[in-house]
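Heads up, the thing below is written out as structure tokens.
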Amino acid sequence: MCQRLVRTPLGRARGAPVTSPAVALLVQKFGGTSVGDPERIRTVADYVSRCVRRGDRVVLVVSAMGKETEELLRLAGDVSTTRPGREMDMLITAGERKAIALVCMALADAGLDAESYTGSQAGFITDTRHTDAKILEVRPDRIRAALEAGRVPVVAGAQGVSTENDVTFLGRGGSDTTAVALAKALGADACELYTDVSGVFTTDPRVVPEAKKMAKVSFDELLEMTSTGCPKPAMRSVEYAHRHGVTLHIRSAFTWEPGTWVTEEEPMEHAVVSAITHDVSEAKVTVAGVPDHPGVAARIFRALADEGVVVDTIVQNTSEAGVTDISFTVPHADLAVALATVDCLQEELGAVRVSGDPDIARVSVIGSGMRTNPGVAATMFETLAEAGINIDMISTSVIRTSCVVRQDQAERAVQVLHAAFELGAPY
Amino acid sequence: MCQRLVRTPLGRARGAPVTSPAVALLVQKFGGTSVGDPERIRTVADYVSRCVRRGDRVVLVVSAMGKETEELLRLAGDVSTTRPGREMDMLITAGERKAIALVCMALADAGLDAESYTGSQAGFITDTRHTDAKILEVRPDRIRAALEAGRVPVVAGAQGVSTENDVTFLGRGGSDTTAVALAKALGADACELYTDVSGVFTTDPRVVPEAKKMAKVSFDELLEMTSTGCPKPAMRSVEYAHRHGVTLHIRSAFTWEPGTWVTEEEPMEHAVVSAITHDVSEAKVTVAGVPDHPGVAARIFRALADEGVVVDTIVQNTSEAGVTDISFTVPHADLAVALATVDCLQEELGAVRVSGDPDIARVSVIGSGMRTNPGVAATMFETLAEAGINIDMISTSVIRTSCVVRQDQAERAVQVLHAAFELGAPY
Amino acid sequence: MCQRLVRTPLGRARGAPVTSPAVALLVQKFGGTSVGDPERIRTVADYVSRCVRRGDRVVLVVSAMGKETEELLRLAGDVSTTRPGREMDMLITAGERKAIALVCMALADAGLDAESYTGSQAGFITDTRHTDAKILEVRPDRIRAALEAGRVPVVAGAQGVSTENDVTFLGRGGSDTTAVALAKALGADACELYTDVSGVFTTDPRVVPEAKKMAKVSFDELLEMTSTGCPKPAMRSVEYAHRHGVTLHIRSAFTWEPGTWVTEEEPMEHAVVSAITHDVSEAKVTVAGVPDHPGVAARIFRALADEGVVVDTIVQNTSEAGVTDISFTVPHADLAVALATVDCLQEELGAVRVSGDPDIARVSVIGSGMRTNPGVAATMFETLAEAGINIDMISTSVIRTSCVVRQDQAERAVQVLHAAFELGAPY
Amino acid sequence: MCQRLVRTPLGRARGAPVTSPAVALLVQKFGGTSVGDPERIRTVADYVSRCVRRGDRVVLVVSAMGKETEELLRLAGDVSTTRPGREMDMLITAGERKAIALVCMALADAGLDAESYTGSQAGFITDTRHTDAKILEVRPDRIRAALEAGRVPVVAGAQGVSTENDVTFLGRGGSDTTAVALAKALGADACELYTDVSGVFTTDPRVVPEAKKMAKVSFDELLEMTSTGCPKPAMRSVEYAHRHGVTLHIRSAFTWEPGTWVTEEEPMEHAVVSAITHDVSEAKVTVAGVPDHPGVAARIFRALADEGVVVDTIVQNTSEAGVTDISFTVPHADLAVALATVDCLQEELGAVRVSGDPDIARVSVIGSGMRTNPGVAATMFETLAEAGINIDMISTSVIRTSCVVRQDQAERAVQVLHAAFELGAPY
């Protein structure tokens, strides 16, 4: 029941019952699995028709069906090695065109007056960077007119028209961006991202079955949770929503239960810690025994950047006797390149040893409440110590504390931390 | 975390927490959407490997990928109008063969020693009724041997070999049956049915957002809930599990959170009412002013049965002045046939009027606790009355009370009943 | 070798052989099976690059890949019963967009500078009749500009933009129409229709293995051969080409051998008879013993037209004693309706008997030379008589003589006629 | 018309007309494109039913539909890097199972009593080499029984059962092998390979439009024509047919016209030269100035073999002054490895120079008549000389003369040779 979702979780006017819902303007984005086959498309249309019957005004943003974008990319790869950008975008945007037409047909069957709009028709003006275009401006005149005429506009996700009048594609995850940008441009009450999971969890339920779906999460927290394995709206769209104050609701197109709200507000009663995440996709490089000169770190990380290696956590201890160790993490795929790059510098830097370790994991505790609660890091370290888990590296942000541990201890670390911070569901 | 699921929700406390799990033997069935594409298959393999690493022994039962069975049926329909049963089963069982081979490959990548088994190889002996065969016997010798050798057997769902040595298909939903029958034959601790929803809800979350996922439900209750729109393991498999005492766990292959357990036991603290369901798929036929002779009802329902019309609820009021009204519900698709059939009898029966009404809905309150709690029906009627909803027909079973109401009041009825019986989630 | 095809088969001897080809402007249309998968698309691109290297200028018109249009129609049918025309055209035109983008990518790999154009971009203006729009005007300015810049334009078949700025679809077979209309608008030397067969045959090779591929055929002949089972460019496109004097070349995208030219010219040496066809898709209706009044036929065929029954051959014998028989053929699917319609008129017309016969076949001898050669019909009748095949009905056009015979004698009739007119290949 | 094909092209009893065909036992193999979609499957069934109605007895061998095998391989690659052979064969053989079931259904609609057989059921016993198994024995008892019962057996191509009772796949092109082996085992009159081209051509029609379809070709010639771009029945199957005396007929499932017969016999009137082929897939390596010691060639080609490089043509000129040049061709993909390998030996061999040339082509003249006609090579060299085409290398077999020329002159070479040997069609 759509209108409730706007009201209740945000704490506005919980009282008023089912009979007198506030009317909301909602942008509802349906991802690939949500419209993956005819039955699903009809289910979505049925759901949208319930929302409209209850008085909400809705604008749909639809992705290509199921894995169609992947299949189109594969087709292109099977056909061509050059793959000119203009043609790639002509190809890939065909997927969303199919989806919006089909969704409109299903809505027509459900008794709604719906109309499909390509990115261009919906007013998405982009730059000319094919296959990964950026939105320059949204001019949703036709969408507004359709809403005023009582129609349900259905907009193709992840596409626009460039300033040179060519079709452009916004890249993977671009439908989320389309939805958020449209919600902003229309002044919608919320942007609902329907997906195949029921929300954001306090940690990965595969690791901790007691993991609890969060009723809400702040933008800052969600942006820190990129590695949780839970639903991942495209980071670009979350940042866009954060910057423009668009309220998000990440929820399920399978169970239709309320999901997780992403908002700016920091409610009073908010728990200190919101979520535990872990990430096993990185490896560690250590440069040991480096003379502690100015410019040493700059030398190392400039060289890595020149090789295209993305470095995540960096830790440098205070030097003793003018000598220090520098450790950092890189994606597994880049470990070999990173080691080779630093090896070349070893002599120049005067380092004693360069070594790599692929078997690490980063475990993080995330929570907006950490800003005002200094004890979280200490509790985290104690909890790991009690469980016999050694900490290899530590890094922090304002609302996150991360420890690098042995990979085979990572899931155990997540379990004990989830219990220590009492994040579990009560049942 | 697989082993927990056997323990906690059943309240059996089979051991201490995370640190010392009991080893369980689990049959895990993955439906079509769970293995719908390569990414999903790899995700399933990753999950299974976690279960195995934690000490569980698992046997997988796998359906055809995504909508493949539907596509094969459509292909057959495009090719042929005769569609001989033997060839249909040769065709359709190809879908599960593909799936088991791919799952085994992904498990091999995850470091497990897996081996695929067709229904025949897994020991499923069926009768010779093609496209809808019944299991006569399960002789899982090769599955047992594989388990003892430390391998993960991956069994094709919904297939077997007939007593005439032809390939047979168990019909739609047959993978659930395969899983349950295998769990019984192997004496497994539980049969987990992984699907695209996270469990069974107290009512449809599209109608009542506060709808709560049930931690457990009894077989009797689940069998009464066939029309809830929530996850529907094939009824045949639920009945099989009920009859043979196989514990089911209906859960999500997307969020991997614990789902809903289906068991025999009736725990002490069980709520009186478990779920509210509604069904808009039926229409009502009324035969008014029938002289109250013996055999009248028999005449009507024999005639309907001869026409293949499936009748659900039947209500006959006490006669006044030797005259009574008989009403019953039939599927919408059968309304025309039902009316025509009864019309032909009108004169013979001496009925005053025969009428049909397609705009009805059945709303049901379901709960094992109703057996010992007589007030449920009264509360239901009062709640509907207070909401101004008129009751048209009433029928009951030991654990269910159903009212037929106007279709446009059905969702409102579900909402007020869900609130009245306090089934909602606390948040 | 593309340029040869313009020259040789037309006997125009446009120059010396291989070493000095004349440059031609060709519109090459590739149907669905010709671009049915990545390998085929690369094969087409290789072929086109050979044509361009030899100096031809080419414009491609491309259909949706393989059976994609059917699949999109099926998807729409699975999703919706209403299927609004505007959305249907948005959906279906996605197929050709994919195909043109992929063909351009393959051409880029083959070293050609290619650019894709939707129907709208290529200047196809249509009326507003969705799913079956008619071309109002072709303004191929961008195509001409691309050709002058040395590029290979690749145009989406079967689509345009309506006078109300909506995407329109030209209907099944519309790619042929796009190609012919573009050839006319550009003044191309020929329009090549690449398909999965190697040309038009003198009769169905399944019936007569000696059937010979025709080097050329006249428009009139081809239009009479609609039922031959041989390659069938959409009739609308053949009529368009006929009307506008566009030379067609029907040929194979699999063997790439020269196919069948379709032209206006009636060469001197042309055989009297070109082809034998047969058609088993019709049934016969006979109205026997009708009083021979004016307006009787009009009454019958107006009634049939009002029921939407398409009547093909009509035969009425001279009346004897003021009474006549009228027979006509209709598609099998319409036989029941046709019989019912005429039955209703029987009394009014005073007819003695109305009967239907589904087991007929029409066998036709087709040839432009029949215009000046009166003996063809006689030879046809004699040949059938010698073979013991009874003739049930006869109808003729200027270049065709058709006989209705028993269906089980149809193939035999084709065989003896093909031999009698010496149409067979010499080997 | 199937029975004719056995008679006429083999020169047996041409006289007897349509009315009294000899009954033949035919194995008809339908490749992927021939059964690529429902319409094609129904077309095949219609064709087969004509054959049966005319008295032929047929056994079908069917490949997986369209590109299904490729899709299954891709799925496997998307799912797994290990891809165990047993599971790969379980996966891939599902494709043919689908196809045989569908073909049987279509045959049932066409009124035939058909029955599908997997490779195992058809009696194909193979070794245990998964994904590329070899046939050890064919025991077609069930196929014979079905034929005797008047049924049409439909056998899954490219599959069998190993001596360890696992499902095995015979590798790409394995359906041809299945068909040939079955024709041998059943003593069939011919094995018809239906494909998407109409036969074997005298050269590539893309290069020489006058290229003519050959009515017949000898096994030796066909085996020499591997690089012609024309229909390529799997070499393994041609060799098998050659060895076992199985007559092949390569023909079209699209036009159904008679194709090319492959037989042992060398008819009197056979042309000296049958076909011209060219191959641009190889590159040339030259080792110049090698001292002419015994063992030099052995040293080079052993080293290449150890690296897995397949060498085709090798040419060594007579040495002058104890020094010689050795040239050889390798696939383009192996050029870099071949050059590196020989570079390493340069010093040891005392060679002056090692060089590679990717821009070569091999043009070949093929014909059984060359055995008794010494002038062919001379004509070939003269023709190329007159056309100004330089010959770089020459190699010959009993029925083939090949010249390596500049790649950009290859198509011209084919054109002049095709004309010189008068291979063109007369029209």
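We just call them A, B, C and D in the order they show up, numbering each chain from 1.
As a convention for this text, a residue touches a chain if its C-beta (ideal position, glycine included) is under 8 Å from a C-beta of that chain, and two chains touch if they have at least 3 such contacts.
Quantities reported herein were computed from a predicted structural model and do not represent experimental measurements.
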Checklist entry - Among all the other chains, which ones are in touch with both chain B and chain D? => result none
Checklist entry - Using CA atom averages as chain centres, what separation in Å is found between chain A and chain B? => result 35
Checklist outcome for this item: dist(centroid_CA(chain B), centroid_CA(chain C)) in Å evaluates to 52
Item to check | chain C: positions in contact with at least two other chains | outcome: 39
Checklist outcome for this item: One finds touching chains in the pairs A-B, A-C, B-D, C-D
Item to check | chain A - residues contacting chain B, complex | outcome: 1, 4-5, 8, 18, 33, 36-37, 39, 47, 50, 66-67, 196-198, 201, 204-209, 211, 213, 215, 230, 252, 254-258, 411-412, 415-416, 419, 427
Next on the checklist: Please output the residues of chain D touching chain B within their complex, sorted ascending.
Outcome noted: 38-39, 41-42, 72, 75-76, 78-84, 86-88, 90-91, 93-95, 97-98, 100-102, 104-106, 108-109, 115-116
